[in-house]
Amino acid sequence: MAWMLETIAILSPIIGGFIYGFERVVKARMQNRQGPPLLQPFYDFIKLVEKRAIQVHSFHSMMGLAFFFATWFTLAAFLCGPNILVGLFLHILALAFLIIGGFSVLSPYSVMGSLREIIHLMCVEPILILVAVGLFLVTGSWSVRDILSYSGLPILYLPLVFIAFVLIIPAILKKSPFDISEAHQEIIGGPEIEYSGFFYEAIYTAKWIEYVFVFAIVFLFTGVHWWLGLALSLLVFLFINALDNSTCRANFHQMIKFAWFVLLPLAALNIFVLALWRYVI
Amino acid sequence: MYKNFEVIESSLEKIKEDIKNFYDPSKYHFITINAIDLGNGKVNIKWFFAKYEVMDKPIAFSVDATYEDTIPSIVDIIPSAWLSEAELADLFGLNIEGAKKGLFLEPDSPPAPLRRS
Amino acid sequence: MENKMIVPFGSQHITLLEPVRFIFETENEKIVNVDVDVGYVHRGIEKACQTKLNYKQVAYIIPRICGLCAMSHALAYITAVEKILEFDPPKKAKYLRVLVHELDRIHSHLFAMAHVAEAAGYENLVMHLFRDRELAMECLEILTGNRVQYDYGCIGGVNRDLTPEVEKILRKKLKKLEDRIHWFKDLYMNDYTLSLRWKGIGVISKEMAEKYNAAGPVARASGVRTDARAEFDALPYRDLGFEMIVYKDGDIYSRNLVRLDEIFVSLRIIWNILDGLPEGNYKEEVKGLPKGESVCRWEAPRGELFMHVRGDGKQILTRVRVKTPTFSNIPVLRELFVGANYADVPAIITSFDPCMSCTAR
Amino acid sequence: MLKMFIESLKNLFSEPATLPGIGTEAPKGYRGLIVFNKEKCIFCTKCELVCPVDAIKFIYPEDGSRNLEFNYNPFLCIYCGECVRACPKDGALIQTNIVPEPGTQEDNPNEKWFEIERRAQESKKKWQIALAKKRQEALKKAKKQPPSDKKGSKK
């Protein structure tokens, strides 16, 4: 258990790849299709290495790479660092690289995607911070190591925060109904459209790391009971995929409304009540 | 000659007024404008209309013209006619008032392909 | 250019099946101006029909204009030529034509609905619609011998008879399809996210549809009562339980519902044909050369298809003009975009079910 | 939404509708590859005439005889079946339900077909000249022989 978190952080691209591959199989089966093999993301990875990379300009490509390394570093900081808030702020930074990269080219799809990515940030980050605050209120620590050794079940104290978090996961992982920054049918991948070959691969792999990041947060909600954590992660995974398969894309007005007027008050209410109970009574 | 539609003969000067008097958007459906090359630089143009919901013969306004003539545009009466007019201007090389060329053909394609010469 | 962003949409875009280019000027994702170019796939089929091929061969080239409404193009042309030749096809041939045409409509409508769902990002619905479209395609394959290009009609009748064993398979598959369509209807009526995305978006009022002469499901969704099946006497639709589906709202949602309900009507017509197919020949010899002019209005899946044929007593026709449904719908589409949200553009375009290879020919 | 949600979860545990790596078979009556039967053909060239895309070309022999060479381009063919319907002799042209193979670069279908088209055009002209000669010769022969014999030979 001692080196577990570090191992996960280092191997996160590979773990994320497996999660992504598994998700593609599950998604296909939910659509009554056979689906690709489990290792398909890695095949794609190998194929993309061989492709010729067309750079728009060097800064843009660098931002792609920066996005990948920053996401990786974010995960490492989140899992191994002393404070999960650092991880969350680094997460914003990592996305900022993607956004700046998207803005740095003239392509309207890329620029529009970056604008929408900012809206994503606006919706996602407050909830992530409330999750962190909630976990701190329950466990009394900002560190992942301490939260994972907490003997109780944080989810019992934070049910509404958990619900809010699960419902915002589609926005983090860019899944329907909140996949607006990537919206294939409208802006064709958004900020990532102008990347190609090796640099697209960086973005592609960074997405896998996001999977690990999200499910690591889900994992935190069960404290020391890691079996329960696995079960909960699987359940959330299935729920997210079923939701992805049963909704169409909302537009960004609807997403903001949902995130700010439904999810945020929900999570805030939970934390407010918890804080009252902890500190006042 | 005309097997299953009615034809109202008109002339280039009168056609716009005729259509204006005839056309009622809630009653008639404007179908399209079509041209037929008659050879020797002559062309026959027909404006097609049909009634809504009634099983009736389509009605066509027919005008004979030459390729040099300027053909009046009916976009101010029927706003959706611009596409048909642009097509005729492209494929037949007709001079239609205000019709945009190059919508159906690319710059390097042969001009007025449906004309017989 | 203060706050404006120019967004090109097409000529290649992920939601577009076929090349058409819109150039939007947007302000905060709101469209203020549109420019359209439709002629990317001009193949000169009309020219070929007028210069190279004789009038019987044209019947096999015309359906190649478009894969999805191949049967409509072929039958409209055949009807127009038969009108010139003053030939009335045998009754059985007419019924078989309706059968294939309605099957064609079913698969085309399912295709269109799938694409609207795709544009809304509803992947699962797309997969389901496409899978069930396969049933209609299989029916057509077994009936006509091909999945896309049926080449079923010919001048004088149809090319194949409906054998009892084929009829048995058709009945089985159509029964299954009908159950599925009921399932879809239920889904469309009750799905919350779909109504969120589609209700009140891309609204065409009745006046607008009449002003810009929209055709087909687009016009019927706006409350315009127009359907070439009821307005042109080419096929015996009146005996077969045809009913015009009209909705009033004129948004994307009602366009989908019009298509869905038309599938029910088509299925009913098909059941009626299978139950009461008349006896007789399915093909008769046609003699003579076309001399004269005729038109044909035909209700293709996307709307009114118009054929204008002129022959001067030669093997090769003088003029073949195809006015396709999308051609009529482009003007209203262009007007509709002004003031719309960019995020809704793919859904609006696909809800028109545009077919550019038809439009440019 | 809920309906589809349940359907998705249900589908997760049911057999998928698609199968890996198995193509479907063409049903009976599928309009596939056209097969030519030389023994039965009477070389009337009707199929060549009716074909809308000129996917059938006959190469004519130089001696003016009726021993034509049938050429068929499956890549140009649109499988409408018009040639089969036009064929006056049963079994000379058959439409099978074999799904045609796609053409590859190695086959070089285009260049080969252009060559055939060129040869067909040239050979037809030569054949017509040869045929005219043959007819003239036959006419000369017929003039020499008594008319009653000619009638008998025609029967």
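Read from first to last, the chains carry the letters A, B, C and D; within each, the first residue is number 1.
Everything that follows uses one rule, which is that contacts are C-beta pairs under 8 Å (C-beta built on N, C-alpha and C of every residue); 3 or more make two chains touch, one makes a residue touch a chain.
Given the structure is predicted, the values throughout are model-derived calculations rather than measurements.
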Most extensive contact between chains (C-beta pair count): B-C
Distance from chain D to chain B - Cα centre to Cα centre, in angstrom: 41
For chain B paired with chain C, centre-to-centre distance based on mean C-alpha positions, whole Å: 24
Distance from the mean Cα position of chain C to that of chain A, given in whole angstrom: 43
Chain A-chain D separation of Cα centroids, rounded to whole Å: 60
Junction residues of chain A - those touching two or more other chains: 30-33, 245-247
Where chain C touches two or more other chains at once, by residue number: 124-125, 131, 193-194
Touching two or more other chains - residues of chain D: 1-4, 7-8, 17
Touching pairs among all chains present in the structure: A-C, A-D, B-C, C-D
Contact set on chain C toward chain B in their complex: 37-39, 42, 44, 46-47, 50, 83-84, 86, 207, 210-213, 215, 224-227, 230-233, 244, 292-297, 304, 306, 308, 310, 318-319, 321, 323, 327-328, 330-332, 335, 360
Touch list for chain C against partner chain A, complex: 5-8, 13-15, 29, 117-125, 127-128, 131, 193-194, 196-197, 341-346
Touch list for chain D against partner chain C, complex: 1-4, 7-8, 17, 27, 29-31, 50-53, 78-82, 85
Chain C contact footprint on chain A (complex, rising order): 30-33, 108-109, 111-112, 176-177, 179-180, 183-186, 188, 244-252, 254
Complex contact set, residues of chain B against chain C: 1-5, 25-26, 29-32, 34, 36-37, 46, 48, 50-56, 58, 60, 78-80, 82-84, 90-91, 102-106, 109, 113-114
